[in-house]
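Following this message is one structure expressed as structure tokens.
Should a chain be cited, it is by its letter among A, B, C and D, assigned in written order, with residues numbered from 1 in that chain.
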């Protein structure tokens, strides 16, 4: 099973081929087949998880020639490490749930919808596993198109505007990225790089000016996708207009592309520029946290509120990533997963009531707890996860991000960001109160049915994951840990923390790895692959045991 | 082949006349005929050059052009009939749906 | 002698071509076009390509033009007395003349290469033009030839679908 | 026994899961209530076992850590799901499980017939679990789970009657205010973690490890920052100035909830937290002063509001805030054990009073319900003379009132007197001591006044309830009165375990018991303590007498105003209308907060959305699109739709390009 990664990625395409042979009127067959395909894909991806060795190397690598056009050599080069592993699993995990949620929500053009979903899955998985810059770019664009159709065809009443906005916003960024990519490639060719393989570029030595421009281009593309303030305005529109499954996937996976892009590409490729811009990006992230929370507070549309809460959550992720230490980045990665689960769940919840009432205005609801107790419980749990209550998944990620960024240079940013926990409680609980509590006075709400078996089946895995990741996040952190450490070592964190550490103490902090004695090394290349022994020493010299 | 230039000039004149016809006439069928005229001008070029170069490929090409022209005639005239059924006219000035 | 013949044929061809674009009645245009096609067939004979001449007469003058004339009659188009856009005629003619100038200048500026193939008048006389074409067609150009049949099939289906009011 | 400490929070969790998942199907109230009560009672038994074992050990061995499983290990950061058993947490688990069991038992009677009976017990169990995690946590993060967990349960239980808007609002307010506190707690944790890590490479949030390393901490400086942050956390959870306004509103919840969460356990978490980190707090004189001042100010501030409220539960709520102020005062003057002592006695007498008020409300409610009246069952103006119909409730309530007023020999006397004495005699705050003591003493006077006002209005005088339903008033059933009696007894005798040395009748058990916990803090404190802190026994006796006298004065005023001369309150109100209105409206603090924070936040959010998001950002985005569309609007006229135009352009293109190549 050496090509299990390819199998996972392209299984949905096989599913599409299968769907082509099913007449478009047999909707339930179409749905069930799609569900089966995504489920099988999830199972296949679990074999990746079980076969994954906990180390910093890329695994399941497949490297084959693909396109060689003149000077451009692109290879089909894929593989995963601890960072992308969980995102792949998250994608395959969310997909069956998203498919299951469409059973009653989508009645028109079911076949096309399912095809879109499956193509989207391939696009997303491909982007996560690509180790070739160009391949990544292709997948990055591939996932754009099904999403565009999903919003534009099956969306709400303002769908065309939202779809075009989504498309153009993303396209502007990705074209900049394409230019930067090609420029980077030519730079790389001067240094003897032979193809678009990502790993080679890690060892590329670029001067500061080049790094800055390239970083800005990449960062811009990813910032739109994240989305970071002030490039976030496509998100509320896209989310509001998208069908439920679209919103779920958009929130759970697509937004992660942006943050993943930072972790995988923008930061390790241009470490010096990343350092230079860290305060600026952290500022935007923090503004995003507070800003989105304040805006979410006054929303009248539940879905828009959840969309803005996504902006706030991803602000946390960005803050964690730009802390450039193990805690921050692990927290950011974890928070990406958490956000995928809890915000996905929130969108599903909004979808459930939308299907029943065909409205999303908060004022149309009130007192639903009485009528829908199970729904209320699930909504409560997801709300708590979203505001990061300890014991749920949201807390672990948020906490690691905050503690990581607090011990980095971004201390004051962290203080401001921490106040986001207050605001998130305000807006989430307020909406919960207005929807679920109070008198059940709207006659239309008095006949609502509680969740049915299918909807429960959708929610239960998410709820389970909320608690599993909240109470025992160890396996998740452990699997990604070596990769994160390697990333941090690639970052060559400026020795801010190290200054305070008296000489002679055992190295406990990754910052200690910085060769402070060799300042001349600064512009030079960062180690492509940190020698595994380094990683081990770090593990051994644990502050607790050292003390 | 001492008279090659003569053939080519005739061909060019015919082609130019065809072009003028396409640009000036309104009747779609006449335009269609002008296009046929242009194709024939090209055919003449092909054959005369084929003869001059002593190579058959040009003539083979002409056969293909004729096939395409035949296909085009069939489809084009069918289009015209369909259009006429809708608009009671085959004036190209009435074909303006592709506006803006 | 041959030059004179060529000039006469050329004059006929050009005049009938001009008639094609000037006649008000499409039927007249069509008849003029047939005239032009016959002239072209004559040229082909003069160029030692009797097979092409035969096809020219059969396909163009015979099949395509008959189709066009049928269509004209079928539609029974009223002749529009007035040509509204005189500037259109003017601009079109100017452009056409420019095309002509371009081509002729190109013709005189460029150098035609010497014969490259082994096809001579004697060879054609000995072997026959049809055989030469046929041999070429069913060996080197077999695949395009077959694809052409598909093209024709598509055209048949397309025209049937287009022309029929209800399928 | 120590090894089984994890059972303590586990039992309530089991109870929560059973009632939460199957409660709706079980339906039988006795079973549901029985499971809930049994679970917390099992925890109580385990706690007793742990306490017994601990008593049997020499003081220096009374610390035990139990790691259950690794929780978050990442980079340098390491937090386990681990428990810490030491004398302090032993006291706390005894209080929580003990009082908790009684309140569970009480709830079976009180909540009888409520629609969401199972839900109530599930939440109550969940709350107990969270509270036990809070007190047993071995590191700040486990404590934080409990910290937020109790906040959540408080939210759920306050909002128990979710169809009432006021209940939902109160729950949300409580949660958000607690979150403000959590914000402080997190920052405090970050600061300590970062400071230890970056300066000494000790990356830890573990209490025992911090304690072991606490000698490295400087006096003041970063410690002040960290402890002030922690203190913000404590003010949120323990309803101190400025974050106290949620607690009175929290009375929207059912009465047992008020007793358990908003009197006995959760609100004391802040006090416990300071006690747990006493060795850090003491290192910052400034923070200690802030704690003391805020405590004293809250004590008197809440007490003044308490004098003018008519809702029986609101009076008790303000009283709770005031008493919590006393506890913080104790913490702030370095009398950590006294704070914990008052925490414990307060848990007894305030729980007893809340349950007593619940009993009264229960009875009133039933009576009013019979008569189909919609009078407020909690308004003291509708009560009066209840001592005859509800003797047990009255006696237990009266005993507790004596305790809170600080009358010898009831439990409150010992703890409150110890606090006032330490406020007066502590070596830390110099001249501030006399102000702290004075404030505390006046607050004690107010306490005595409003508590007896409550007693007099409720239990004495004429019965002011609608005469139609008077006959329906009756004593509550046994399941309600038993917890009252137990708590009443504890409120009476609970003080003897912390008898001051000067009395000498009994050794001060509690202080000795807690000594190993606070030893280090006291040692750190001596570094900057003022000399001359020796006060004579005579002074101590004198102050003790004075505090009793003050309490008696308060009682006398209440007696005069509400029993003997019942027109007095009205006359007082008429004389000082502005003052009364201000006090009655809680000094307009809620309105102030609305004005300062809530409304600006909403307005700002609206502005950001409608003003910035829609106008500026989308304006730019749509503006770009509009410019493009404007241009294309011009260029589209090239698309005339006429074929000959297209043909014309095409030929023109051919001519131009061909011409260029020919004539170039």
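The criterion applied here is as follows: a residue touches a chain if its C-beta (ideal position, glycine included) is under 8 Å from a C-beta of that chain, and two chains touch if they have at least 3 such contacts.
Note that the coordinates shown come from a computational prediction; the quantities given were computed from them, not determined experimentally.
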Between B-C and B-D, more C-beta pairs in contact link B-C
By Cα-centroid distance to the whole-protein Cα centroid, the innermost chain is A
Expressed in whole Å, how far the mean CA point of chain B lies from that of chain C is 7
Rounded to the nearest Å, the gap between Cα centres of chain A and chain B is 58
Whole-Å distance, C-alpha centre of chain B to that of chain D, is 92
Whole-angstrom distance, CA centroid of chain C to CA centroid of chain D, is 98
Listed in rising order, chain D residues that touch 2 or more other chains are 644, 648, 651
For chain B, residue numbers touching 2 or more other chains are 19, 22-23, 26
Chain A touches at least 2 other chains through residues none
So the complete set of touching chain pairs is A-D, B-C, B-D, C-D
Given the complex, residues on chain D that touch chain C span 644, 648, 651-652, 654-655, 658-659, 662-663
Chain D residues touching chain B in their complex are 636-637, 639-644, 647-648, 651
Within their complex, chain B touches chain C through residues 3-10, 12-27, 29-30, 32-34, 36-37, 40, 43-44, 47-57, 59-60, 62-64, 66-75, 77-82, 84-85, 90-91
The answer for chain C against chain B in the complex is residues 2-3, 6, 10, 13-14, 17-18, 20-21, 26, 29-30, 33, 36-37, 40, 43-44, 47-49, 51-52, 55-56, 59-60, 63-64, 67-68, 71-72, 74-75, 77, 80, 83, 88-89, 91-93, 95-97, 99-100, 103-104, 107, 112-113, 115-120, 132-133, 136-137, 141, 144, 148, 151-152, 154-156, 158-163, 165
The answer for chain C against chain D in the complex is residues 88, 91-92, 95, 98-99, 102, 105-106, 109
